[in-house]
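A, B, C, D and E label the chains in the order they appear, each numbered from 1.
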Amino acid sequence: MAVKLSIENLSKIYPTGEGVKNIDFHVKEGELVTLLGPSGCGKTTVLRSVGGFIDPTSGAIKINNKEVHHLPPEKRPSAMVFQSYNLWPHMTVFNNLAFSLKLRKVNKKEIEKRIEEVLTLVHLKGMEKKYPSELSGGQQQRIALARALLLEPEVLLLDEPFSALDAKLRHELREELREIQSKQNLTMLFVTHDQEEALSISDKIVVMNNGNIEQIANPQDVYNTPASLFVAQFIGRMNFVKGKADTNILQIGNLTYPFTDSYTGEVTVGIRPEDIQPVQSNAASIEAKVEAIMMLGHFAEITLHTIIGSLKMFVDRKQMEQIRLKSTIAIQFNHLQVFNENGEVLNNRRMEIYENV
Amino acid sequence: MWYFRTLGERKIIEFIFLCIFMLFFFGPLLNLLLLAFAGEWQYPDVLPKVWSLEWWSFVLQDESIVKSMWLSFLIATIVTLISLIICIPAAYAFARIQFPLRRFFLFSFLLTNAFPKMGLYVAIAVLFYQMNLMNTFTGIILIHIINTLMFMTWIPSAAFENVHKSQEEAARDAGASPLRVFWHITLPMAKPGIIVASIFTFLSSLNEAEGTFLVGVPNYQTMPVIMYSIIADYPSTAGAVFSVILTLPTLILLFAARRFVGADAFASGFKMK
Amino acid sequence: ACSSGNEADASGKTEISVYSSGSKNVEQFWEKVIPMFEEEHEKIDVEFVFVPSGTGGQSTMDRILAAKESGNDSGVDIYEGSLEDIIRGKEEGDIFYPLTTENVENLGNVQEQNLAGANDLAVPYRASSVVLAYNEDKVKDVPDTADELYQWIKDNPGRFAYNDPTTGGSGSSFVITTVYNQLEDGAMNIQDESIMEEWNIGFDLLNELAPYMYQEGVYPKKNQGTIDLLANGEVDMIPAWSDMALEQKNAGLLSESIKLKQIDPAFTGGPSYLMLANNGDEARKEAAEELLNYVLTLDVQEIVMDQMYGYPGIKWELLSEEDQEKFTDVSGGYRIFNGGELGSELVQQWQKEVAAQ
Amino acid sequence: MNKKWKSAILGLGLVMPSFLILLVLVMYPVSSSIKTSFTGENDRFTLDHYKYIFTEPLIVDNIRHTLIVTFFSCLFVLIIAYSIAIYLRFSQSSIAKWVSKTYLIPMFIPGVIAVYGFINFYRDNGWIARIIGEESMPAIIYDVKGLIMINIWFNIPFTTLLLVSALQAIPNSIIEGAKDAGANILQLFWHFILPLSYRTMLVALTFLFMGIVGSFTAPFLIDRNAPQMLGVSMQQHFSVFNEIEQSSSLAVFMFLLCSLVGFFYIYSNIKGSKKELK
Amino acid sequence: MAVKLSIENLSKIYPTGEGVKNIDFHVKEGELVTLLGPSGCGKTTVLRSVGGFIDPTSGAIKINNKEVHHLPPEKRPSAMVFQSYNLWPHMTVFNNLAFSLKLRKVNKKEIEKRIEEVLTLVHLKGMEKKYPSELSGGQQQRIALARALLLEPEVLLLDEPFSALDAKLRHELREELREIQSKQNLTMLFVTHDQEEALSISDKIVVMNNGNIEQIANPQDVYNTPASLFVAQFIGRMNFVKGKADTNILQIGNLTYPFTDSYTGEVTVGIRPEDIQPVQSNAASIEAKVEAIMMLGHFAEITLHTIIGSLKMFVDRKQMEQIRLKSTIAIQFNHLQVFNENGEVLNNRRMEIYENV
């Protein structure tokens, strides 16, 4: 697939000194790339630079291999969907959609046809005459998406488009977006601070922190082999315990594990809640007291008290029924991820420790 | 039980307050209305003894009065249009553009209210003599515009500010140039605020008397100017007829524009950033 | 562009303008007289400009003065004004043409006493005076002299009112006569400021009367203000302009029981003057003189009496018996206050000493 | 940098037309008025006119009178407007709807007419007196009471309008949270409603003050002859006594009073208090 | 445990005809009861009736067995935490907290001590001097909670207190709330429309719909044995397929299951995504095509296309790695829940079908 959008060494420094530095990634045709990171990390800054609403301090933005960063927004082959206040409240849905077509002097018949098509696509046929204020939040975002689609953009930019909606609607629209994207083979750059959203819809995730890129990878890799402590913390739930590394041995409390890195010293060990497993007590297991059980639908989160600290464990419904509050159980760890004091990942892959048990 | 009793009491108190409110605010106006239709209403009659339309026909037959009504509306329309043209760009600039001394310019409009009107008019009259604007149409328009500058800049400015940036950006994205965005998106969305300001401008021009008196007399006699001399020269019944005639257009306009004259559009104009 | 000079136009007509101010009856007067004049003088077109009474009366004078200063044509040919205007015009810019029997023939018919103040710069074409207006039903012992009037006021607390002398002539006439009644006969013609020292006797009297006035010292604004009080029965006696009172009586605005009377010594009154503004245009000057002459004819003077309820400008003996009869009630004559600037000094002092009491 | 310059020029350009009008029609006359107030005979600089207005008992009285009338008018207007605004904000009754529909009307009545109607209504044997009997009628017209009343009449709508919108911006949960915490009505007003709307109140007060201090028509027709409101006194000095310099210095003095109040308004506006709602 | 709050037959009908009818439940001491339901179902109405901000049409509200529904809010022994705009923006954190104490005339020392305590409880010590606008959303809600706690309420009411916060923060605060609740043995009535939230923190859930109560049960029972189709739909994810019941046989597509209910006719069968399991093809399995894989962290949502319709399946990370997009797999159902056409649950328990496979 051809590269549609490439962002090369982009920097934008605000007068306050904040901003983004040396951002470098690309989006291929038909790909959905997500910018993920905590609030203030610079996601919007990157996205708006692509859209043309911010002048970057340095670097280049290319769409279809052509530089666009000197063009005003109206001349760029990109379209943007905002978090909110997307629609023009003084125009009906039809006119909201027709605006850009009219500017491009598309004829009336054609406009009507295209609008009907796109409304079908977003499941909102028959809403042409309504005003934005008469639509629900979810419907408004769908129309905003439709409006952006009508621009036939080379790259579709979305800045936390669903974050103002409630959980149920967010899930729904997320799926719909994915569907439309694959139907139309759209190229998208999507901004979110919600890791679940990013994991669920992206082809590729760009994890940002503090104006820098921390990792670029597909969702599974970001989840399974986070490139840094920050990524591990930010994406998915993870228990962190202190450990010690010494000549190929990893020590956590009184447990020892083989370790393929030559690093020596204090380490932080990350354990995902689903990688903790209740087992029959054995040499590789530790004792844990069940402090709390939080039912979360099809699985439950169990809070455990152990000698290496408080841990969260995910169990499914069947297992949950066997765990009693305040009882003591034995657990073992299926995966460990080890980080040094600077938050860098050791081994650059997670330790699979099934085999060693 | 207890609950209903207090409800009843509260209703009664509310009703009494409503009566006082209505009496205070509309008693004088109602009195004028009665007077306008009174034929004979001598002290100590509580209501007119004889009703009559005598003064109405007197007033409506007087050509200069009918002429003054036209003049007033013409002036008010022109003043509104001109101040729209002059002030809207400034309002937009205050809301959207960062430029040096922005605050100074913004608050300088307060000056139109801070200097006593009478004193200001007198000083302006001196200026107008020098510029040969005395007793000219232009002079009147200018003196009316002074009164509207503040409303016309502040209220639309707040309205522009309330237009969300992303709505403008979405239009840029759709391929519209900045000027188009302003015309198709920003301006229509700020419309309610602009309409409120326009109504106030129109009404304040329609009701302006003192300044018009100073620079427009004798050739340009607007309704309120005539009203002054009517009050000075005629008995209350005639004055009342004039009052009713003069108030009517204002009230009609008010009710027609009711929809727009929301507290918010107005009030937000006075909270500056 | 300055105001259009009233040039003679192609048809050979001369256009002149008359600026007048005052109450409605003045306007009606001119609206009647001008067509009559134009009918007789086909070569002259008269534009009539009326300035309603109020705060704006000053403006025409200012305009003529300003025009004179800047060397422009003021556009005003004939200006109807007061004694003070004549003096002001003379002092500040010599803006009026001299008027004598040579250029205005009928000046010879004018009452001598009225000519005194005119300084050969004006035509005193009509006059009016302040008289006592009272409600016949309430006032049985009508005062004949000023002293009886003062006594009546004291005997009937709250039933007399005169208006704020800064806002209308009837009030200021009451104040002036009250002050000057305490001085020797010719004092009203003295323009020297030294006489101000002798005013205090009069002001003492005014202060003595104050508690017996309407609402213990309320002086309504404007001439009409006191007339309203009388009409509404809130007081029984006021000083009022003869023409105003007569007119309103005639229109039925003042009830039949309101009577007028001049006392002895009389209130002040005075002529209304027409001045000829110097615009340096000979043709217009001549046309204007024509009009001034016309105003002093018997025809016009009758209109003055019948419609304006004013005193005629020409000598009584030139009038018909019947007309002389009409004015017996009030023709006790009047005095003319000739103190010039002292007038405004007097009201200012009134403001300080009586109003502020 | 280039962009900054561009926006500066564009901004100034857009503001210029209206500002030029302001400059020529307001600032220039105001400054010439100020100049006049310092000009004595032979165009010499002098403070005499100010000395006059601060020593002449008449004017000093007038100043005191103006301040008192303004103070009480503002006070009453604020109290009444607050009550109405609170009522409109928190009551859903049909009476409240009626009030909210009508309270703006006085704002649209030309001043002369309102005064005229007022006089006819309250005069010694006006309508009220006819209804309640002349004996029980207090003096209202030609009295300070009447002046304050008409000031209230004129200014309630605008003030209420501003306050209503300020109160509407206070979320219900703030009020309910306070009630929950145990606050009674008075405490509610004092600790919550007032602090959360005082900035708007300041705005209203600024315009109230400016309007009342410089007013002319109402005090001219309704107030007693002395002491006078400064607006009337200024007009009198100008057109009756022909003392242009004195009237200019009066105007400048009133301007300074208004500026003082206006300064507080601007200051509180610029300060952008921390306590503002997010 | 004693009953703290009991709501008896409460109805509130708004003039529009909407509202809640015959609401009847109680909250025991130290219990956290959640009102859960879709928007507009009347949760807030019930809660605000308890708080005293709404006058109920009929019914009784008792706290500690005393009727309170005639008391104004400030006199009720309850405290409320709102969704947003909780804090008083013009007061510092300290003053926000101190307000109610000051009203109760607690002395200064004591106030300071109590505030320090409560701030420690919500992990915000040292924030006393800040203004609400200087705090993050999560911190604001913590302060709001602290403020409510200082009232020492018999019942703490919370109306969607976390819904304005983002997912991460919501999870965090949820746990904190639970912690504080058990520490202080608080009695709470909690409103939410987020089923996950309700499941995770409640002792008891009151599921509401359309102004009525649909089910009152603990979280596990609500999830496992929903009382109606509505509850099943609303809580947790569930696939719904059409089926037919006939003399103890349940037919879904070409699959048949034994059925213990005598009901005959069309039924709706609900299958939770986690109850679908990929298996080796067998008699009880059906074929499914993998349409989409959505990674959701520690588990994945697989969209399947089968002859009985589109189904969602949850699998854990390990299983996910074995499932390929567009491949065809065999699945079986572990649990079924059967509802008749009126949405009533048949059997009043879910069909356990492990055994039958």
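Annotations
Please note the rule applied: a contact is a pair of C-beta atoms (placed from the backbone, for glycine too) under 8 Å apart; a residue touches a chain by one contact, two chains touch by 3 or more.
Chain-to-protein mapping (UniProt): A, E = ABC transporter ATP-binding protein; B, D = ABC transporter permease.
What you see is a predicted model, and the numbers here were worked out from it, not measured in a lab.
Counted as hops between touching chains, the shortest connection from subunit D to subunit E is 1. Looking at which two chains touch through the most C-beta pairs, you get B-D.
Of all chains, the one whose CA centroid is most distant from that of subunit A is C. Rounded to whole angstrom, the centroid-to-centroid distance between subunit B and subunit E, based on C-alpha atoms, equals 55 Å.
With centres taken as mean Cα positions, subunit C sits 91 Å from subunit A.
One simple way to say how far apart two chains are is to compare their mean CA positions; for subunit B and subunit D this gives 16 Å. The multi-chain contact residues of subunit C, meaning those touching 2 or more other chains, are 55, 232-233.
Multi-chain contact residues, meaning those touching two or more other chains, do not occur anywhere in subunit A.
Shared interface positions of subunit B, i.e. residues touching 2 or more other chains, are given as 43, 210, 228, 231, 236. Contact residues of subunit E toward subunit A in the complex are 163, 166-167, 175, 178, 193-196, 199-201, 219-220, 223-224, 235-237, 272-274, 292, 294-299, 301, 314, 316-317. Those residues of subunit B that touch subunit A in the complex are listed here as 164, 166-167, 169-177, 180, 184-185, 188-189, 191.
Residues of subunit B that touch subunit C in their complex: 43, 125, 129-130, 132, 134-135, 210, 213-214, 217-219, 221, 225-226, 228-229, 231-236.
The touching residues of subunit D, when paired with subunit B in their complex, are 4, 7-12, 14-15, 17-19, 21-22, 24-30, 32-33, 36, 84, 87, 91, 93, 95-96, 98-99, 102-106, 108-114, 116-118, 120-122, 125-128, 130-131, 134, 153, 156, 161-162, 164-166, 168, 199-200, 203, 207, 210-211, 213-214, 216-217, 230-231, 234-235, 238, 244, 247-248, 250-252, 254-255, 258-259, 262, 265-266, 269-270, 272.
Per the touch definition, subunit D reaches subunit E in the complex via residues 171, 173-174, 176-184, 187, 191-192, 195-196, 274-278.
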